[in-house]
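Both complexes below contain chain A, partnered by chain B and then by chain C.
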Partner chain A sequence: MLYVHNSNCISPQQTFPDTALDLLNESRDNQLLVKEPVYSNIPPGILRRMARAVRMCVGAALPLLKGIPEPDGIVIGTANGGIEDCIKFLNQIIEYKEGLLSPGSFVQSTSNAPAAQISLISKNKNYNNTVTHRGLAFENALMDAVMLLKEKKDGCFLIGSVDEISDYNFNIDLLAGSFRKEIVSNRQLFDHPAIGTIGGEGALMMTVSNAQEGAVARLEDLQTIHTPDETLLLETLKHFLLRNGLTQNAPDLLITGENGDIRLQKFYQAVESLFPEHISIARFKHLSGEYCTASSFGFWMATEILRKGKIPDIALKKGKQTEFRKILLYNNYRGMQHSFVLLGKPVG
Partner chain B sequence: MTMETTELKHQVKEQIIKFLNLTTLKTEDIKDDEPLFGEGLGLDSIDSIELIVMLSREYGINIQDPKEGRKVLVDVNTMVDYIEKNRTK
Partner chain C sequence: MSRIMITGMGIISAIGTSVEENRQSLINERSGISQLEYYPTAYAGRLPCGEIKISSATLNEKLFAQPGPTITRTGLLVLHAADEAVRDSGLSNAQLASTETALIGASTVGGMCLTDEIFHDAHAHSLGTPYTSSYDYASATLVAQKRYGILGEVSTINTACSSSANAISFGARLISHGFARRALVGGADSLAKFTINGFHALNILSDKRCAPFDRDRSGLNLGEGAAFLVLEKEEDAKGKRIYATLSGFGNSNDAFHPSSISPEGEGPYLSMKWALEKAGINPGDINYINAHGTGTENNDETEGRAMQRLFGSPPPFASTKSFTGHTLGASGAIEAVYSILSLMHQELYPSLQFKNPIPETKFKPVKHYRKQSVQHVMSNSFGFGGNCTTLIFSK
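What follows is the complex of A and B.
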């Protein structure tokens, strides 16, 4: 479907510019916040106004533009965009009785601000799109890129996703039961399953094209589904495996978005039950935290495993290190939005 | 220059840094007669709106006429002069 070339992942873990996932950064107050790098590529005059989500996304994207100065399009998935600035702006409306409002937080809070800022800074006037399908925003950005590469076979696109933790939103989600009420460290997230999980944030940007040369991974197939029914989910997965010839030969590795929330365990257990006992299983939400586009962290981790040929020990749930040729990523957002992404080695 | 004017200039510089998120600057980096836009601080049109919001919230000054804004937002001296004459809080 498409080949993944270079990528940058800014996450709560050590992933940018160098990667050291086994040096686990611990969560605080049930949040895994990004340790932001020094954004030396972003002009200071622009950086001072940027919301965190915009900074993370632009900071991950700009180094990639050294390889392709003018991509044929920019596609970013984000459920909430600069949600912190959005709420700041809405609070201003109330505080100042709909009077004169500061424009900065409004400009930075729109969901398309990250993609727009990348275009403005790089003077790129090509296709520019932001997709906001909540827990499937990243997957829909991938789908957009797949369709674009069908239309423009020699094209090269900059795609990715971003979402940030906002104090306001975290509290709302906490009250709604999405996050643990008791403090839990990400180290012990899976040891004591309970209702809720921990929050996270992050940005992934990558260059994709139809060119196999120099690629680190190949996106082989992608399927999304909205359903609260695990039987329907399993039927969808069976069709997905069938059309990819994986009924006899299972993927070498299953990466799941398991997040320690007991309400979602039935989906992960159902998916895992479909594969033979010897299949290795990895997970990543104790590294990224849960957020709408967290599957992008799993996607990035899968490309790193294909590139390096090794699963980070901290991510391995069961199984052993072997040669990884095909990796299936299954993610689930709040028991309703599911995605299956099949990645393979670019050669063979 | 009175003590009040000197204090007001310092305060306005602090507010410029805060409202425009100029975190790399200190008040002593901003000269009283340094142009705010173009050369000098190099602010832009979005910053001008932020400064108008700042004057409204901090000093109760509402600048409606863009021509008036152009005369006020030249440098710290012109801003302080205007604030002293027109402030309502």
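What follows is the complex of A and C.
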């Protein structure tokens, strides 16, 4: 479908500019917050006004433009965009009883701000899109890139995702039942499954094209579905494996979005049960935390594993280090939005 | 590649709760912009809006025939318009629920029409309102996914005021590339304190009915509404009533400023140009433009400038935002419906409140409803962040 070239992942772990996943950064109060880098690429005047989600995304994107100054399009998946500024503006509305307000937070809060800012800073007038489809915002942005590369075969696109934790959306999701009521460390996230998980955030930006040369991974297939029913989910997976010739030869590694939430275990168990015992399984939500576009962290980790030929020990659930040629990523958001992403080595 | 046909339409706006009611209002030049009666804001009585004069409770009863689930007004508008589009297309429930059906929605407000509930939940002032999972942009699309059981690609787009124009082209592209056989595409936004106060803070809301392309225009009026189209492949549409074909689309970023368009209208110029290229037609082939035409100082001048660059002297054009107000994420889909109606009935809808042209371009929009032969209609949607999208519909 497409080849992944360069990428930058700004996450709660040590992933940018250098990667050291085995130094686990620990969660605090059930949150894994990004350790923001110094954004030397963003002009200071613009940086000051940027919402956190915007600067994480732009900060991950700009270094990639050194390689391709004018990508043929920019697509970002983000469920909430600048939610912090959004609620800041709502706070003003309530506090000042709809009086005279400053528009700063309003303009920063629009969810297309990250993609728009990248275009603005790099003076890029090409295709620009923002996908906001909750737990599938990243996958649907990928889908857009897949189509763009069918439409412009020699094109190169800048795609990715971002979501941030603010106190506000953390509270809202906590009330919605997404997070643990008791404090749990990300180190122990999988030890005692219970209702809820821990929150996270992050940005991934990458360049994609149809060129195999110099690529780190190939996206071989992508499938999403909305369903609360694990039987239908398994049918979808079987069909997906069949069309990718993976019924006899299973992928070498399954990466799942398992997040310690007992309510979602049935889906992850069902998916794992479809594969032979010897297959290796890795997971990542104890590194990224849970958020709408967290699957992008799993995607990035898969490309890293393909590139380096090694699973970070901290991510391995079962199995052993072996040669990884094909990796299947399964993610589930709130038991309703599912995605299967198949990645392979760029050659062969 | 197979052509993409429109085989169903649904709409709800300040000028009607169905496609036919909307058309009658356009023909009879009945604007839906008035003082607020339902939406509770400090600006009620001061800033006129394109409000749908039906309470959310009534909409809920109408859609669910009994007290329904807690769905935000944006979600209710989605269901109202999508129900009509689905009925109109004659798709069976099985076809609709299939893995071959895509659903692409769009919204810039989503569940943020609920200011007080969000405030309480965001500050954890309560044990949680029933809406904690309804505030995001995707929530309204997900309500429709659930209602129809759609198993194909489902997505939500937010590129500000061009959102639903991008949802329409995204659905068409899914079909063209074989990722879907048919697609329900559109968008919705309801009035919200968030947008009323946001646009007011930017000083671009008019205290009168908006006057797009007028020299003395004083800003936009916000509106609310939803519209959905059913897109099908030409082969599948055989034997069905076909409204039009989506022949072109273009997407460009103006890359100039977070909340205004460049003086030369570079983004609008490119989105129109690329849509023409995609449709394989020349500027002279366009018979009517449903302009973005918000009625702000910046938009109408730069859009006019872009039309001047591309067309020299543009074909008849109008802004139907003078009827509906600016429905933000819904406007691309609402205006797509009007563009398609124009093709179907061979008629042009006017821009209301226009008196004097902008001196720089001297362009005059269509001032009154009239019959005219129409082969290709262009529809423009430009948004904050420089997101510009143009669609072209053809007979």
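Everything below uses one rule, namely that the second predicted complex is superposed on the first by the 348 of 348 C-alpha atoms of A that agree within 3 Å, B and C clash if a C-alpha of one lies under 4 Å from a C-alpha of the other, contacts with A are read in each partner's own complex, and residues count from 1 in each chain.
The working rule: a residue touches a chain if its C-beta (ideal position, glycine included) is under 8 Å from a C-beta of that chain, and two chains touch if they have at least 3 such contacts.
From a predicted model like this one, the values you see are computed outputs, not experimental measurements.
Chemist: Mind working out whether A:103 is in touch with chain B, chain C, both or neither, as first, second, both or neither?
Modeler: Both partners, chain B and chain C.
Chemist: Between chain C and chain B, which one touches more residues of chain A when both complexes sit on the common chain A?
Modeler: Answer, by number of touched residues of chain A: C.
Chemist: In the superposed arrangement, which partner chain does A:128 touch: chain B (first), chain C (second), both, or neither?
Modeler: It touches chain C, and chain B stays clear.
Chemist: Mind working out whether A:44 is in touch with chain B, chain C, both or neither, as first, second, both or neither?
Modeler: In the superposed model, A:44 contacts chain B only, not chain C.
Chemist: Touching A:120 in the superposition: chain B (first), chain C (second), both, neither?
Modeler: Second partner only, chain C.
Chemist: Taking the superposition as given, does A:143 touch the first partner, chain B, the second, chain C, both, or neither?
Modeler: After superposing on A, A:143 lies in contact with chain C but is clear of chain B.
Chemist: Which residues would you name on chain A as touching chain B in one complex and chain C in the other?
Modeler: 99-103, 107
Chemist: Taking the touch rule as given, give the residues of chain C at its contact with chain A in the complex, in rising order.
Modeler: Within the complex, chain C touches chain A at residues 41-43, 99, 107-108, 110, 112, 115-116, 118-119, 121-124, 126-129, 132-133, 135-139, 141-142, 145-146, 150-151, 153-160, 166, 170, 173-174, 177, 179, 193-194, 196-198, 200-202, 251-259, 266-267, 270, 383-387.
Chemist: Could you list, by residue number, the parts of chain B that touch chain A in their complex?
Modeler: 19-24, 42, 44, 46, 49-50, 52-53, 56-57, 62
Chemist: Which residues of chain A touch chain B in the complex?
Modeler: 44-45, 48-49, 96, 99-104, 107
Chemist: Looking at the complex, which residues from chain A come into contact with chain C?
Modeler: 74, 79-81, 86-87, 89-94, 97-103, 106-107, 110-113, 115-117, 119-120, 122-134, 136-137, 140, 143-144, 146-147, 150-151, 167-169, 171-176, 224-227, 232, 292, 336
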